[in-house]
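You will see two complexes here that share chain A, one where it goes with chain B and one where it goes with chain C.
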Partner chain A sequence: MRSKPNKKEMPNGSSKKLKGNQWMWYIFLLPTLLGILCFMVYPILESLRLSLFHTSGGGETWAGFDNYKTVLTSGEFWNSVYNTFYIGLFQMIITIPLGFIFASMINSVTIAKNFFKVIFFLPNVTAIVAAAMIFTFVLHPDMGLLNYFLGKLGLPQPLWLADPSTAKWAIILLGVWHWIGFVIIICLANLQAISPELYEASTIDGASSFQQWLFITIPNMVGTFAFLLITGWIGALQRFNDVYVIGGPTGSPNRSIQTVVAYIYEHGFTGFQFGLASAATYVLFVIILIFTVFNLKITNMKL
Partner chain B sequence: MFKSKKGKALVWGFVSLLVMLSFLTGCGSTSTSNKKDGKWAGQTITVQMIGSFKLQDSTDPISGQKIKGLQALKDEFEKEHPGATVNIVTMPWDGYIQKTKTMVTGNQADVYQMPGLDSGYAREGDLEPLQKYIDKDHFDLSKYVDNTVEGWETVGPDGKKQIYGLPVFGDTRFILYDKKIFKDYGVKDLPEHPTMDDIMNAAKQMTGKDPVTGQQTYGVYFNGQTPEFLITDIAEGLGGSWGSGLNYKDMKFDFNSPQYQKALNWLISLEPFAPKGITSNQGSEKWLTKNNNIAIMLDQGPGSLITKINAQGLQDRIGIVQQFKNDKGVGGLFAGSPFVMAKSSKHKDLAWEWIKFSSSDFFQKYLWEQYNNIPVIKSAYTDWQSIKDEKQFMDPILQALSTPWTPHYPWVNAEPRNDLSSGVQGALTGKMTAKQALDKIEQQSNDWLKQQNQ
Partner chain C sequence: MAALTQKKRFYISNLIKFVILLIGGFLLMVPFIWMISVGFSRSANVTMPFPPSLIPKDPSWFNFGIVFENGQIFRAYLNSGIVTFSSVVLGVASSLLGGYAFSKGKFKGKRLLFIVVLATLMIPMEPRLIPMYEMFNKLGMLNTFWPLILPAMVNGFGIFLCKQYFDRLPDSLRESAQIDGAKEFTIFFKIYFPLTGPIAATLVILTFIWSWNDFVWPLVILNNQNLQTIPLYLASFTQENGTSLGGLTMALATVSVIPIIILYLFLQRFIIQSIALSGLKGE
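Right, the complex of A and B next:
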């Protein structure tokens, strides 16, 4: 096996050349670094600055922490926080266990395994904007596919998107449908990485399939669940595209599906309250930060 | 690696190219062919236009007819103004508020089509007042349809109301109804100015099984996802108003007035005669088709109305009447689009020429015949055969266009609009009473106003 050459062993000329070549790679990285500076670092700092001003894009007046005060005392903002957590929580409660069960089933079948993987993963590769538009038809109170089947089963046919009490569940359904393929694929990858020797040993010890699943599979999946939980929450807290397509910036009806990002969009881009929207963005950043640290702690996951 | 001089030069060249490309990407190129001859030699203006406009010829997806692109307008203007160059930037309606704001902030155009004129552009000093140009040219404003110039007046940095934009095309609201469903149920057609009772009674009678076809029909439909202009119109019909003032310092909201409360309660009692799903704008999918199941459609705009009606052959079936007006005959949304001139424009005289050009028969006829945009010049309604051919719809549209609430609602592109819409939805979905909803809207609007005055 080749080891890294010791600097002292190298002739002086070679060392200088290496140094020169190392700089060369930084030059290759320059366009990307410039891009990060221009399109990430600058907007983040500019947004922080804007959050301290009253501005609609033209003139600016110093606001201090007024915008933060307005955001934190706004009923609409906390309503959007509630909606975001409600939709995110139930989406995760449904999708992660369901995805894991489906992944376990797919992992145990011997034929058509790839077929099932593709079928379940398809929604995840569908653009969420297109999926949201299709779901407005699926969830149509009179002509929708979902209510048609509910009617056939003799179950109540909700108004879904037209009623604030069911609209959040309509969004959760869309989220579950779209995200479950990803959960299945991640779970499958981990399931296939569990050592078969563990199962062989437990079979010799007389463990049933259910016991193996409960005492071998699930404990070995904890890391995956933690990963899904953390990435799922980050995604859920940043949710925007589908709720915007379905409910507009205000999350119709009656702000029932307005998420925090939609609240930011509403104030920034339909009301031109850029300072307020920037303050809300930083509040969201803090919420995500605290919640992610909390998630890392409870899942015992290391970054 | 890269030991030779040639190799290093190649790498440096490649790196430089990458850096240059990264800077150049996103910097759109604009055609600035500086013409050297003519009165306007070397002057170039950029005009932004919003809608389904295309620069090149295309095909209408509904009627299948060929539509000429805006290139024809550019060519005509440049022909009439030797030496001048016009660059037209088009954008779809989707996201136009954000895109316009971005363009104005970046001084990207000389002339803007600006339906959101009251979003503070003039107040913040981004726009050029037009009165001095009007005076200099003795430009005759009476050529425009009544109310359409005054409707676009707004306040500048000095807080005084004046002309910052001149209309390009109109937009209005009216009530449409399906004469076939009325006939099937034996209900009399709506009068030219229906009352709230007329609508309620007719809606009640026509919700159920159609006696002729046996199909389920609904008495009425309104878009409950965006009900803010409808409720405002009903309140105006009852003698109320949204409030007063164009300048933030003088502005007062009156969203919880008795008229608004009566209007919202009326909408709530009308809702059972509409299809389920109005608050998510669902249930009207069959409207303007031969299988229509809705008798009365409130708060309709012209849009591509005539194209759709003609494409479906519904000319004899669809009736059009006025929205609710107050005792002075005024009421309803004032909308459409004006052209405004950017303060930052380097060629203001040429920009003004374009604004004037937009009121010409050529320009107006072009937008009407190619894109069904409602003309804003009186001569269109007296002289053009293409308007006379659609007299049945265009006469009531002209009437609606001449009698809306003016000036433009100053909250049309701001938070109070969203609050009004969400609050009405709250009442329509039974989450709060009409009074609770309107008190909340009033409070939110006043909070917004307080923030604007900080």
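Right, the complex of A and C next:
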């Protein structure tokens, strides 16, 4: 559509020449297109095919929708779905508002702005595997740092990762620590994009800085929150690295932190049930798709 | 009088924010500080230092000595280095070429192909994990670095960034070169490529962090201990020893984290700027 007016402006000769050279552009795109075919299109179709077969040992036998039936009636699968959503939801409820408040403060504080940007973003560049390692010690029930301070403050000292009922919250804590820097940076970038005139006008009208924050800043940040919510959910639904390091493929203790991806890994790569794992993968894929579309709709956002 | 109180209030609110930020920042740093402290604490492999203190009571290089002793950590570094370097080169090259074509090119199916490229951003790793594993298995590439490097060819986000960047560079540069009879590749390499410094730096940093920290895919592909990347080496160490060898684990974590922190401190200006400018935001 857009190229039409350009063609008219151009003299006839060069327009013909461009057409003749079209294939050049495909060479520029060759690595990308080849990669998409090999590492995107083929695997997704193959995964769909695999999900319709029983694959154990070496052979493949037609299974129809058996794998899907097994997955969808499996308590373990739904448990992993529940864990994934639980961890993702609470992590976002905590991190997005907290990150936004910190970002607002960093944005308005007059000294050491860059220092704070560096400090708060640092956890986010740390490999999540290393972060998980550190947190197994921070959250250790007897010798850990967190419980020591909780004890000092006279608060209860949960068993964290050792107890199925608190293990999810241990993971949420790790997630908040790791993700908050990203939330802050994104919020900062968008805070700076809000037109200063809005603030100037309201200052003249006598608004306090808290009122400005409430009635100008927050409404202007809705798009940013939507973005964080959507990328946050896409990330949360794919959660694997830290729960695997801490709880292994089964998400111990007692499957309390097994995410959907860990379930897929458990069946695909420790049990070599590729068909079953592929079916679970497709169910996850559909969940992500529906959820993303739903998120886009309610946040009224175009990607 | 009124002006003075307003000024005062400004200073007070500034001070409060500053203090809250200091406390928040300190809390975020505590796990790092403790990691280093435990790593330097000699007795931590027998009993963790308790009550916890941010300064080790029996400081010693003992744990670090053991971490470096068998050389496995250096090998993991080398492996991570090879994989990351190759992925960065491949990913950045294909992003620049692709972004340039989508920005300056005129060809059939451009819009559709661009949508396809953007759609790859929405496709998670999981649906592709098993088929890609089987594919590389059939090609005899398990326990090689190829499966970790080649998929870097597809960088939807990189292409998107580059397209936006090239859109801002004037077309007139191309047109004058075309009149002189230059071919597309010559135009790209001689005229536009030298101008891609800032966007290339951004892509290098982002790809570096992604590739260096990648975990699931290397975990599936590499079973040979000698090929482990840093995250795999860390994970296997934790799973073998759990929380029994505190000092050693934390020394290892420190050694693994420090390079990326140093890199980050040097390049943080670029990273923060690039994330801010990349369109990685709401509007």
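Just so it is clear, the second predicted complex is superposed on the first by the 282 of 303 C-alpha atoms of A that agree within 3 Å, B and C clash if a C-alpha of one lies under 4 Å from a C-alpha of the other, contacts with A are read in each partner's own complex, and residues count from 1 in each chain.
Everything below uses one rule, namely that contacts are C-beta pairs under 8 Å (C-beta built on N, C-alpha and C of every residue); 3 or more make two chains touch, one makes a residue touch a chain.
What you see is a predicted model, and the numbers here were worked out from it, not measured in a lab.
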For this session: With the two complexes superposed on chain A, say which partner A:143 touches: chain B (first), chain C (second), both, or neither.
Result: both
Exercise. Touching A:93, do we find chain B (first), chain C (second), both, or neither?
Worked result: neither
For this session: Have a look at where A:35 lands relative to chain B and chain C in the superposition and call it first, second, both or neither.
Result: both
Exercise. Given the touch rule stated above, what does A:269 touch, chain B (first), chain C (second), both, or neither?
Worked result: both
For this session: Using the superposition on chain A described above, determine whether A:127 touches chain B (first), chain C (second), both, or neither.
Result: second
Exercise. So, does A:72 touch the first partner chain B, the second partner chain C, both, or neither?
Worked result: neither
Exercise. Once the shared chain is lined up, is A:24 touching chain B (first), chain C (second), both, or neither of them?
Worked result: both
Problem set entry | Which partner reaches more residues of chain A (counting touched residues only), chain B or chain C | C
For this session: Pick one for A:253: touches chain B only (first), chain C only (second), both, or neither.
Result: first
Exercise. Just chain B (first), just chain C (second), both, or neither: which does A:218 touch?
Worked result: neither
Seminar exercise, completed: chain A contact set shared between chain B and chain C covers 21, 24, 28, 31, 34-35, 136, 140, 142-143, 248, 269
Exercise. Residues of chain A touching chain B in their complex?
Worked result: 17, 21, 24, 27-28, 30-31, 34-35, 54, 56-59, 61, 63, 66, 70, 76, 136, 140-143, 159-164, 167, 246-250, 252-255, 266-267, 269-273, 276
Seminar exercise, completed: Contacts from chain C onto chain A in the complex sit at residues 13-14, 17-18, 20-21, 24-25, 28-32, 34-35, 38, 47-48, 50-52, 90, 93-94, 97-98, 100-102, 105-108, 110-111, 113, 116-117, 120, 122-135, 150-151, 153-155, 159, 178, 183-185, 188, 209, 212-213, 215-216, 219-220, 230-231, 234-235, 238-239, 242-243, 246, 249-250, 252-253, 256-257, 260-261, 264-265, 268, 271-272, 275-277, 280-283
Seminar exercise, completed: Seen from chain B, its contact residues with chain A in the complex are 1-3, 11, 15, 18-19, 21-22, 97-98, 101, 104-105, 119-120, 124-126, 224-225, 275-280, 282-283, 285, 413-415, 418, 421-423, 425-426, 428-429, 431, 444, 448, 451, 454
Exercise. In their shared complex, at which residues does chain A touch chain C?
Worked result: 1, 3, 6, 14, 18, 21-26, 28-29, 31-36, 38-40, 42-44, 46-47, 50, 102, 105-106, 108-112, 116-123, 125-138, 140, 142-145, 148, 177, 180-181, 185-186, 188-190, 192-193, 209, 221-228, 234, 237-238, 240-241, 244-245, 248, 261, 264-265, 268-269, 274, 277-278, 281-282, 284-285, 288, 292, 301
